[in-house]
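Below you'll find the structures, each written out as structure tokens.
There are two complexes below, and they share chain A, which is joined by chain B in the first and by chain C in the second.
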Partner chain A sequence: MKFYARRIAFYAVTLWAAISLNFLIPRMLPGDPFSILMAKLQRAGGIPAGTENSIRLLLGAAEDQTLWEQYVTYWKNVLTGNLGISVTNFPTPVTELIGDAIPWTLGLVGTATVISFVLGIGLGALAGWKRGTWVDSLVPSTTMLQSLPYFWVALVLIFVFAVSLQWFPIIGAYDVFHFNGPEWSWAFVGSVLYHAFLPAVTIVISSVGGWLLGMRNMMVSTLSEDYVTTAEAKGLRPRRVFTTYAMRNAALPSLAGFGVSLGFVVAGSLVMEQVFTYPGVGKLMITAVRNNDYALMQGVFLVITLAVLAALFLMDLIYGFLDPRTRHHD
Partner chain B sequence: MTDTDTTTPATPSGTTPPVKRSGVRQMMPTMSGKLLAGLVLIGAILLFAIVGPFVTQDPRSSGNDALLPPQPGHWLGTTSLGYDVLAQLAEGARGSLIVGVSAGVVAIVLALLFGVVAGYLRGWTDEVLSLVTGIMLVIPGLPLMIVVASYLQVRSLWVVALILGVTAFAGPAVVLRSQARSLRVRDYVSAARVAGEKTARIIGVEVLPNLLPLLASQFLFAIVLAILGEAGLSYLGLGPNGSITWGTMLNEAQGGGALTRGAWWWFVPPGLMIALFGTGLSLVNFAIDEIVNPKLRLAPAAAKSVREARKAGRDKLGRRATAQTVAAAKERVDA
Partner chain C sequence: MNRRITRGRWLMAAAALTSVTLLAAGCSGSAGGDEGGDGTGAPAAEGAATDQELVVWAGTQTPITPNFNPYAVGVLHLANGGIYESLFAYNKLQDVDPTPMLAESFEWNEDGTELTVRLRDGVTWNDGEPFTADDVVYSFTNDTVKPAYLDDAVAKDGSTVVFSFAEPAYANEFAILGSTYIVPEHVFSEHEADAGEDAEGNALTGLVAWDNAEAPVGTGPYVLDTASNAAYTAKANPDYWGGAPKVASLRYVGIDANQSAEDLLTTGQIDWTTMFVPDPERVTSTGGFGYVNTPVDPVVLYTCSNTDLGCEGAQTDVAVRQALDAAIDRSAITEKAFVGLAKPISPTFALLGRDDKWIADGMPKESPQSADAAAAGTILEEAGYTKDADGFYGKDGKPITLTLTSVDGWSDFNNAAKLIEEQAKAAGIKLTASTISWNEFADARVSGEFELIMGGVVGTSLADPFQIYREWFTGDYTQKVGTALEPGEWNISRYDDDEVNAAVQAASETNDEAAKKEAYATVQEHIVEDLPYIPIVVNGTQTFFNTTKFTGWPTEEDMYMFPPSWQGPSSGVVLGKLGGAE
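Right, the complex of A and B next:
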């Protein structure tokens, strides 16, 4: 129980730190985002007093309040789901824009990550099993995949398969000429899958190498454990030794690493979404940055952080259940 | 990696006993194909970054024709503004490497503080430092970098390197901390403590030298991450102002319509350079990994020798199969 208490306490503190960081960044850094934003808003049309106040608060330009008062109000806003109003899509609330973007990212990045993880673990286990053979000389080439920038892979894939061969669409998440908006029909689902193919392949190509290598190395270490030798000496079928004795144990650290790598995948796909003009969270954040839409940018950062935290927390709980050792040792 | 000439050539495992190596040499990776390939890649790219800008055109002179495909005189063609791509690539190599290495240094220095010091001291210092590391580890790096960079209107190469380093120290810190914790309870460290040595000296003289291989591999890894991070930031237009890096080249290629106009020579080389440099560093890391975790080196070698022995017709005790034993075995199977 102490394990879970410690983990929950850690995530509570991290949550507090992440939300506070979001509050502090605009205040600690130089520049005058408030004036830039107000100038933009003036051009976009009239601003209600309430909106101006909330932007003032967000960017640390509320001179009539102490830092502590601002902090308290900021927390109130976060807890009631009030993240301000977007300038780019004036006057849509930030939460609404993010809510529209999340399903796209979650669907694409989530599915692609699971595919990549399963593929990497499987291939890595095989590569570890075949240690000392020609497979070993193939292993270093996976580092090449790991060193590829996500968005560059996306650029090359677009160039080859979308521009030159014209097999796949260049931009978007569905055919905007054919459909007015998301709808529930087979044709629409087909269009979504068709548009998601290249982005998903990008994520798989860039992230599979890491899983593969980690799993292979753990597999090599596990296979030299005494209990594996015992299993072989007992005359168990190699298949059984491979799955039940070696792979199950070797996969544990990869599962733990799954959480940490999730952060990388989210970050990597952020830029990739921009390349494919995929209407997800990453595209939203970059649009916000381009337009100096600070409220939207901060909102997206907060949501991404919270999502990663939630995923990690879940992963931690599952891992504590899978590997009892983590519950007993630090 | 200047002292690779001190390494000893690898002995074919299983045939002769390994040469006993002492002192610093023990920490040096044995020369292998992977290590050599890695060093060649790194060396070639470093050379290109150092010498390249002197032998190519001015990367900012736009006097050439626009979007020329690769040809003599412009070996990698020109951009839509008439810049020579090869010249930009060489200048970009400087920018990217400077950012990568400086960010790597920042990350490793912070990792030493948050990892080694925390792991050695334990108690409340450890709790606090580990908490900071843990928080930095789970807050996604690139979004944080994007937010910070977008508030800074003026960003020099060094500021970008600092941002990259500060957001990347957590991973190495975790690795170093767990290793420092295990070193802490070794006998020789306890002996130094009992002998009354100061904590700073124990960390510097007793603990640190044993962390060197790990430190080196984490440093190389941090450089790769920083170069990738810089490329991402620059691609989004949040990189260093006024400098040319591989990332800003990709940004300009995207903006100049390189994709739709078929100018592959514009956007393929920068990404390829990043990938090659990253591969070079990772290959060196492979060699270092095999020092840190000897199982990675010994286990495949053992599996290989067993298989070769089996192929040569010997059983596990090394006895060669004779016609007699084969016949006997056949009889058993038939029965």
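Right, the complex of A and C next:
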């Protein structure tokens, strides 16, 4: 019990620090939102009379609050689930913006992460099992794919499959030229899957190599363990040795890494969302940082922080349960 | 020339014919006003009626937040021009009279303190209510918009509004007639107490807090249909005063990356957009797209020039600025950094081709296109600078060192800055180009803490450089270094010259062309000599449009309006003029 109490206390402190940093960091950025907005509007062709006043009203009120007062208000808002109003997307509440974006992010980036993990573990195990054969050549080729800049891979895929061959769409989570917003129909679901294909492929291509390499190496070292030799000596079928003895044990460290990367799924994939105009969380973050939209920035960072901490906490608990050694360290 | 006229007549006849057909087809429900396209120069749609949806990208990124309140910060492009209209539409590209929109004519009194505007008759809001002079008065006097220079606006009768000012207000003509959107009093007055929250979670009340996303009521050619966070659509307003638009529906999409927009253009999925495409041939080579490049916005080096207001650095010496000006090879910059899309700039900041009449006698028409390192050296030597062992000029043993920054990712600016670094070096001036984030750029501009920044000046909206002279060059529009510029103040260089200030003031008080020219001559004499902004080029604005499906676009031959899809209210005029291609 003491173990769990300590872990919980540790996470509570981490959470406090993360949330406080989340408050401070945006305020240390150069520039103030007012002048940035004005400059942007001016660049986009002049500011209509009236808008200037509006911006002043929107952003001017904060001047007379001390940092400490702002900090107290911030905590009050965080605890009541009020993350404020986005200035760049006025007057949408931040919670609504994040709420709209998270399903898309979880759906696409989450699925792609799972596919990438399963594929990487499966192929990695096979490569380790049959090392020295042609399967092993998967290692350098996928690692090379992973080392290519994601941005470039995505652009090449778009150029070939969306622009030249026109097999896949260029932008969007669904056909924005046809549907006037999300709706419940088979045509829409089909459109979503169709639009998710290319982005998902780019994510898998650029991440599968890591899982594959890690799994293959773990597999190789597990195969040299005594219990595998014993299993083989007992005359068990190779298939059983492969799945139950070698792969199961070799996958453990990868599983820990998988937990963490699931936590980061919430952050979305910044570049993918930008390249494909996909409505996810990563893009909200970029928009917020570019425009010094404090409320949105804090909201997004908060959600990401919470997700990562929750994933780590969960992994901690599971590990404490699976492996008694982690509980009795002292 | 003859052929042009013939074509124009033919189109007018066609337009008249179609509007008659429309009248017969079932506009009987409308309030019986006369149809547009009459002698007042109102826009009339060209081409045939079409059901093909016009897809527009106006630079909006996702997620789109439906907001059609012209007073809001995040107002979407359709609202400015497509739904809400101004009294007149000014052509940013040509020295012509403004196009009458909701007003038919205007007149100044003798000393410029009273402006009488005669409104168009028979206009209705898209909810069926008639448009009246009271709506216009409301649009200028409600708490959110009332400008400080406006004393009062009064409806003299149902279709005449008189604006009065404490001081001559000629200079605000464009702001009043050309950039203020007219809103319906019967709708907007009900939302004056709308409540919301500002950026810090404090209470916010007033029109600003209202998003106007449910069936916005305007006079424009289009009516909002649907809105989501990825796109919004509009359908034609059948009762539009200029005649129902020929294009039945519009779709504005949100796109995050320029590359995606370019890909969508080349595959024919967007019909109208204004964006930078380094190789426009790639889009137009398919034959389905027309393209115009309309340079209006000057690109300059902002220099923090005024030591009296706290500027520091070598560029505060006018000789250094002049030497730099002479050392720059503008044709190389145009070709290499701006891929041939920029046009030569005038050091007087008059837009060449449009404002030529405002360039005073004896003033250079355009900045030199080639570098003259020898001249730069002479200027510096006359000012007491000497070359050191490394070949760089300096004074009192200290070489000139300058830092030129540009916003990271604005590749044309970054490349131009690099070129200037080399060109300055050739002339013996040590200048280092570096990139900064957009936020740092915005910060440096308002605070004045910089040496040189590669930046833009916003071109004026009508054929007159006055706005630039006043907002970028006079002492009233600046602050001390370290104090942030107020909104609307653009004198980033901190330039403050008594004679320029006086001449700009004089120009604002007159509507007489000769008197204005005289005042401008004084301004130009100083700014060409002092170079608080070192002129580089006039940057292009590229607009692409689908000519296979639609017709009526502004073209090189008939530039009836500034063509960008993101510019209000002119985009509304373009929308009203489009029709299906035969």
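In the analysis below, the second predicted complex is superposed on the first by the 242 of 330 C-alpha atoms of A that agree within 3 Å, B and C clash if a C-alpha of one lies under 4 Å from a C-alpha of the other, contacts with A are read in each partner's own complex, and residues count from 1 in each chain.
Heads up, the rule we're going with is that contacts are C-beta pairs under 8 Å (C-beta built on N, C-alpha and C of every residue); 3 or more make two chains touch, one makes a residue touch a chain.
What you see is a predicted model; the values in this text were computed from it and never measured.
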{"item": "First, second, both or neither for A:266, with chain B first and chain C second", "value": "first"}
{"item": "Touched partner set for A:21, first chain B, second chain C, both or neither", "value": "first"}
{"item": "First, second, both or neither for A:189, with chain B first and chain C second", "value": "neither"}
{"item": "Chain B versus chain C as contact partner of A:85, first or second or both or neither", "value": "second"}
{"item": "Contacts of A:10 with chain B and chain C, given as first, second, both or neither", "value": "first"}
{"item": "Touched partner set for A:106, first chain B, second chain C, both or neither", "value": "neither"}
{"item": "First (chain B), second (chain C), both or neither touched by A:114", "value": "neither"}
{"item": "Contacts of A:156 with chain B and chain C, given as first, second, both or neither", "value": "first"}
{"item": "Touching partner for A:144 - first (chain B), second (chain C), both, neither", "value": "first"}
{"item": "Contact residues of chain A, present in both the chain B and the chain C interface", "value": "29-31, 33, 155, 158-159, 163, 274-275, 290, 292, 294"}
{"item": "Interfacial residue positions of chain C with respect to chain A in the complex", "value": "53, 55, 59, 61-63, 65, 67, 70-75, 80, 144-145, 147, 175, 179-181, 196-202, 204, 206, 208-209, 211, 225-231, 233, 251, 253-257, 259-260, 263-264, 266-267, 269, 437-440, 442-443, 445-446, 456, 458, 461, 484-485, 487-488, 490, 564, 566-568"}
{"item": "Parts of chain A lying in touch with chain B, wherever the complex brings them together", "value": "10, 13-14, 17-18, 21, 25-26, 29-31, 33, 131-133, 136, 140, 143-144, 146-153, 155-156, 158-159, 163-164, 217, 220-221, 223-224, 260, 263-264, 266-268, 270-271, 274-275, 285-286, 289-290, 292, 294, 297-298, 300-301, 304-305, 308-309, 312"}
{"item": "Partner chain A, residues of chain B touching it in the complex", "value": "34, 37, 131, 134-135, 137-144, 146-148, 150-153, 171, 224, 228, 231-232, 235-238, 250, 253-254, 259-260, 262, 264, 267-268, 270-271, 274-279, 281-283, 285-286, 289, 293, 295-296, 298-305, 307"}
{"item": "Complex contact set, residues of chain A against chain C", "value": "29-39, 41-59, 61-62, 65, 70, 73, 77, 82, 84-92, 97, 100-101, 155, 158-159, 162-163, 166, 170-174, 176-177, 180-182, 273-277, 279, 283-284, 287, 290, 292-295"}
